[in-house]
Structures are given as structure tokens and as C-alpha cells.
């Protein structure tokens, strides 16, 4: 009985810690969705690229992943800005039969990023080993892995800083205004193309941050991005689009259910449950969704 | 709509298609041609629902996979010829299309796309996990009764021809006008008395039917399937979108052109570029979406104009 | 003789009551105007009639048949056509194809639909633009196309939403002339407009609403001089 409770507590805590890092990635996606009203299927690929940047820093230059992320973030910020400005933004003027062409472009970008990385790093599974990777801390009788704890603390700090940025600074307020009503924001003098570019960059930087934090915990390979795209989607839809706090809470829910699922449910149908939940949320909880459909 | 130029093009295409395997008789090249036919069929079927009716499906692998597995399971469990799958496969695909439509058509635009994506993945996972019925990840291997590539080629050609014909007839009827109306503006379509959900289903069912047919044909031809091949999100569901975008969305010949380019380029890239072939394909996809958003057949005017401008520029220069 | 009737129709969006207990009757063959300032609930009334959303309370009758329980696409089938304030052309289709899309409601044959479209296009003076893609048309023509498309469904009752908004006086004149000609073919018309001048000229009777409620109803002259209407349009000081 005792042991069972310890196992349960450990599962819950690990799930929440993991979820905190997922949140960071999902917040990046929700920001982009909110401002641009597009679904970014390349988001996971951005996470993956961020992880590789941190990985290179660590293996080639001996930079600790938690320092390396501060290199990965600006790199991805720049990459995000470039993708938005020179690729996705172009489509505004393009008249296409399928309204989903922006989504399809992000698929193309995803392919390019994934395959570009594969060209350099092959499909090998890689991981970062640090001196503390296998260390654990004890909470009563429960043992929690150190990278989980550090990752969660940093992720929560970033979430808080982002919240301050969005509510207290002019740039942050402009992003929120554009997200709520682009036309009105433009009338109020917001430079929407600049805001959109910065938002995409910011989303990419958050993806890189989340990825770097997960690097000590996950194997790294070019296709790992798909996993993160799927997760951040479910989180964003769960949390209501464009809502930072929704995404943060959605991340915790997903981390928790994943952790509980892995411990208590057989592996096979686990993902099916997630997907069914996803569809149910789409159908019956269209909370933030409507705003996107209307555009 | 059915003008002389179109008729002529169709006849020329048909003649070329009929004599092609007699000219190209190396098995490898014939194999490539058969793959083109399979992809052209999937593309044409997808185009009806997504190109004409504007309901962009990210889950067509579900129909392809169910078609393929219908043929495979007939052989695996009932020791029937997999050729019966050519009848069962499309029917099963239509059957699963009914609940898929009932769920996904409640959503519009990007949310329809997301729902079909999730539904397609559910099918992959279910077929992966129902190991007793489907053999799971081990897949199904059959002994093909026919090995001659020529026969597969002509069977595949027949399949594509029927698909093209049926799609053409649908598109150039009242249904076709209604489908395009729904794509262009669903509210306006409703205000004109169009029952939009009914007509979306009228596009989905044939689309599922022919995708399932292609799947069953694939099982017969390739003789091996597993869920990660035939229900693959990237290599089937998303690839068919890219194939049609490449060739021309909402055009008769676009999907066929796209399929030919995709398969032939794929082979060329694979032999010349090695592992970078998918990367080059990805770059190409981005360029197409950015500069020829309606595909090669969809942007013929633009392509012509650019060509003419170049010509004019040249003669002016000389 | 009445062709159309609402009884106490009400629409609430959450806490906001957009249309409140409206009752009116439209006679066969008349042009019935609904006026009101921006945001007074005019378009909501149309959306309620054409079933774009369910009504909160009340009943709607057309030819003495209750219609507020029908699905949206049936409304057109039974003979009520509409246009949109923000025009919704089928953008990549030509003018002819747009009108054909409407004509298909009464026929399954392409040639018959094309023939019907031909008549309507000529009736609406759009013949010079028949093969133009509708997305490239200037606003006045798009508004005209919107009417043509609705006419092709052979309505008995036509709902026109702000047909003259955004038009210059000359274009507006032409639109009014078209509306009169449509009425002369025996089609009953309900028209929404917030420009009083337009409405005064063509309406047989006018219903004035504000905040979703009736403030006046009757002959154009009576409604125009009604103190509530003046107040709603010009503000408290003029009442």
C-alpha cells in the first residue's frame, strides 16, 4: 500500500514537471496561432532544430544545455522571423484556391527543416550526457530526476516572464491587441507585419527553450519534432487558442495524463485515447476556436 | 466546358498511356509507371473532396489503408484472392467515410483539416494494435498470383481512367457546381438552398471509394503492407496534398501531372542526390506553394505569361 | 393578403438581446422596408428568417406555414431568397456560374440552368460581365450579382440586405430601379437599409427598429415623422 502511494505520487509529480516544459512549447504555438490565425505544423520541427543547436553547443563546445539554450533561443528567434517574413507572409498576397495554403506551407517548412537536419546528423538517436543527468532528488520517499526539476523551474520562470512581457510592455500589449483584433490594432497604429514577425520569432524561441529543457530527458533525432507538434496541438486546443495560461494549464494536464498513462495504461492504445480526446475537444469545446474559424 | 482542345488532349494522353509500356519495357521503369498510376488515382480522388469542394483532408491515408487491408485480410484470414479486395476495399473505405464525414463535416476550414488528421492517425494506431486481426506492425505479406508488370500497368491505367471519368462527370454536373460553390462561400451556398453537408458527403464518398480502390490495388501489386506504410500521415495523407498542389488543385489533369512529377522526380532525386532527395522535394513544395499556389495545371496562364515575357525580352534584346 | 409573418421573434446572444419581440406582417407584392440605425438588429432579423442561427423565441410563418424549424438550406427551397450586406460572391466562379449555382435549385440540367441564368443576367443588366470572374467585379456589380443569384432560385419573397450601402447616388438610383422591376414581376421584397432617403422612395410600408425593438410602423411618411424614429436617427436633441 505504501509503495503504491509512493509510486502514484512520483508519477503525478513527474507528470506535472514534464508538463511544465510542454507548456512552454505550446505557449509558443498558441502565440503564433493567436496573432497569425494559422496552424503551424512546423512548430515541432522548430523545437527539434532548437534541440540540435543546444546539442551541438554541448557536444562540440562543452556548453551545458541550460546555458546552451540561451544560444538556441536567439538562433531560433532569427530563424522564426525569417520564415515568417520571407515565406509565410508572402502568402497574404497570393490567391490560392485552398485557403489552407499557409498550413501546407508550414508542412513544406517542416519537411525542409527535418530533412536538412537529417542530412547533417543522419537519423541516429542522440542524447546529451551531463554530470547530473542521472541524479535524483528525494521528496520524502519519492525520487525525482534532477533535469525534470531544473527544467520545470526554468520553464515556469519563462512563462512568468512572458506573462509580464505580454501584459506590461508596449510590444507585448501590441502582440495581444493584434491577436484579439488585427484590424482594430492596425487602426490604433500597430505595425502588424512587424508584430507578426516578432511573434513568430518569439514562438520559435520558446519552442527552442522548451526543446532545450527536454534535451536531457529525450532522445534526439530528426523526426522527434512530430511528437512535439502533436503534443502542442492538443495542449493549445485544450487550453483555448491564444490563451497563454490556457496553454500552461493544458501542458500540465497533458504531462500528467501522459505520465499516469505510461504507468497505469498499456502502451498500445494510449495515443488513441489522446487523439479521441482531441477530436472531442474540437467538436464540443470550441472555446477559443470560433475566433479562428471566423477570421 | 468540354471543348475540343480538352478532348484532343485527353485522346493524346490516352494514346500515350496505352503505348507507353510497349516503348518502356524495362521492369524498373514500368514499376515507376505503375506507381504513377496509383498516385494519380489517389490524387484525383483527393482532389474531388479537397480541391473542388474545398474540404482539405489530412486523413486520406485512412481510406488508402482500409482499402489495402481489405485486400490483405481477405487473403490472410479467408484465403481468398486479394483481387476481391478491389471490390471490398473501396466499399469498406466508403463505409468508414460515413462516420468520418459525420464527425469532420461538423467543423470548418483548418479544424476540418485537423479532425481528419487525427482520424487518420486513429486508424493507423488501431490497425497497429489489433494484432490478431491485422498482424499488427508485422504487416501482411501475400504471394502475388500475377507477376507481369504489363498486366498491373493496364489494370492501373483502367483504374485511373475510371476515376478520372467519374470525377469529371461529377465535377461537370450540378453536383460539381454545388461543390465549388461550397468551397467558395459556404454561407452563400446555404443561402442558395444548397444542403452543404449532403453535398460534402457526395464528394467524400466517391473520394473515399477511389482512394480505397487504389489501396487495394497497391496491396495486390506490392504484396506487402503494414500500418506504418499504408496509413502513413506524412507519406500518404500529406504527400497526396502536395502531389495535387504540385500538379494543379481543382483541375482534371493536375493530380496526374503531379503524381508523374512526384514519382519521377523522387526517383531521379533518389539516384542523383541520395539521402537529400526529400529535402529537395520539401524545398520544391515551399516554392510551389509560394509561387504557383494552384499548381502547374492551375497556373498555366501565369506560366505562359512568364514564358512569353522571357521570349519578348529575348527578341527585344537581340 | 399576407405572405409572410413573424410573431414575437426574439434573439439573444448570451446576455445581449439583439432582437426583442418583433411582430410584423408582409403583404404579397409589396416592398416592406426595415430601417434602424447601425447595430439596431436589422441583419439579425434576416439571419433569423434565413435560419443562419436558431431563434430564441417566437414564430415565423411563410404562406401560412411555420418555417422557423426548417434547416437553413430549406428556406431558399420554399421560396425565400436573400442577399448579404457584406457581399459573398462565389469568387472564382464567373458571373454566369454564380447565377447558375442559384438556378440549380429548380433544375438538375446544366443547359436549363444556363438558360435561366441567361434570362436573369439580362434582367439585371449584367450581360457585359457574364464571363468575368466575380472576384474582380467592382462593388456595385457585385451587389447586383448578389441579387441576380438570389433571383435565380425563383423566390416568392426576396430579402435584400443594404443593397444601396456604399453606392454613389447614380448607382443607387439604378439599384432602386432594379428593385422596382423585381417587384413588378410579382416578387415580394423585404429590404433593409439605414439610409432613410432610399427607403422613403421605394417602400410601401416601413418598420423602424432600434435596439432590436419596434419603434414605429406604417407608411413611409408616418414613420419618418415619428418622434421615436427622429430620436433614434438624430439623437435626443432633435426629438
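Order as written gives the chain letters A, B and C; numbering starts at 1 within each chain.
Note that in this section a contact is a pair of C-beta atoms (placed from the backbone, for glycine too) under 8 Å apart; a residue touches a chain by one contact, two chains touch by 3 or more.
Quick caveat, the model's predicted, so the values are computed rather than measured.
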| item | value |
| --- | --- |
| Both-way neighbours, i.e. chains that touch subunit C and touch subunit A | B |
| Pair joined by the larger number of C-beta contacts - A-B, B-C | A-B |
| CA centroid of subunit A to CA centroid of subunit C, Å | 48 |
| Distance between chain centroids, defined by C-alpha means - subunit A, subunit B (Å) | 32 |
| Intercentroid distance (Cα basis), subunit C paired with subunit B, Å | 43 |
| For subunit C, residues that touch 2 or more chains besides their own | 92 |
| Multi-chain contact sites of subunit A, meaning residues that touch two or more partners | 97 |
| Complex contacts: residues of subunit B adjacent to subunit C | 172-174, 177-178, 180-181, 184-185, 187-196 |
| Footprint of subunit B on subunit A - complex, ascending | 38-39, 87, 90-91, 94-101, 103-105, 107-112, 114-116, 118-119, 226, 233, 237, 268-269, 271-272, 275-276, 278-279, 282-283, 289, 292-293 |
| Residues of subunit B defined as touching subunit A within the complex | 50-51, 54, 56, 103, 106-111, 113-115, 118-119, 121-122, 125-126, 128-129, 183, 234, 238, 241-242, 245, 249-250, 275-276, 278-279, 281-283, 285-286, 289-290, 293-294, 298 |
| Subunit C to subunit B touching residues, read off their complex | 50, 52, 71-77, 81-82, 84, 88-93, 97, 100-102, 104-105, 107-110, 113, 149-150, 153 |
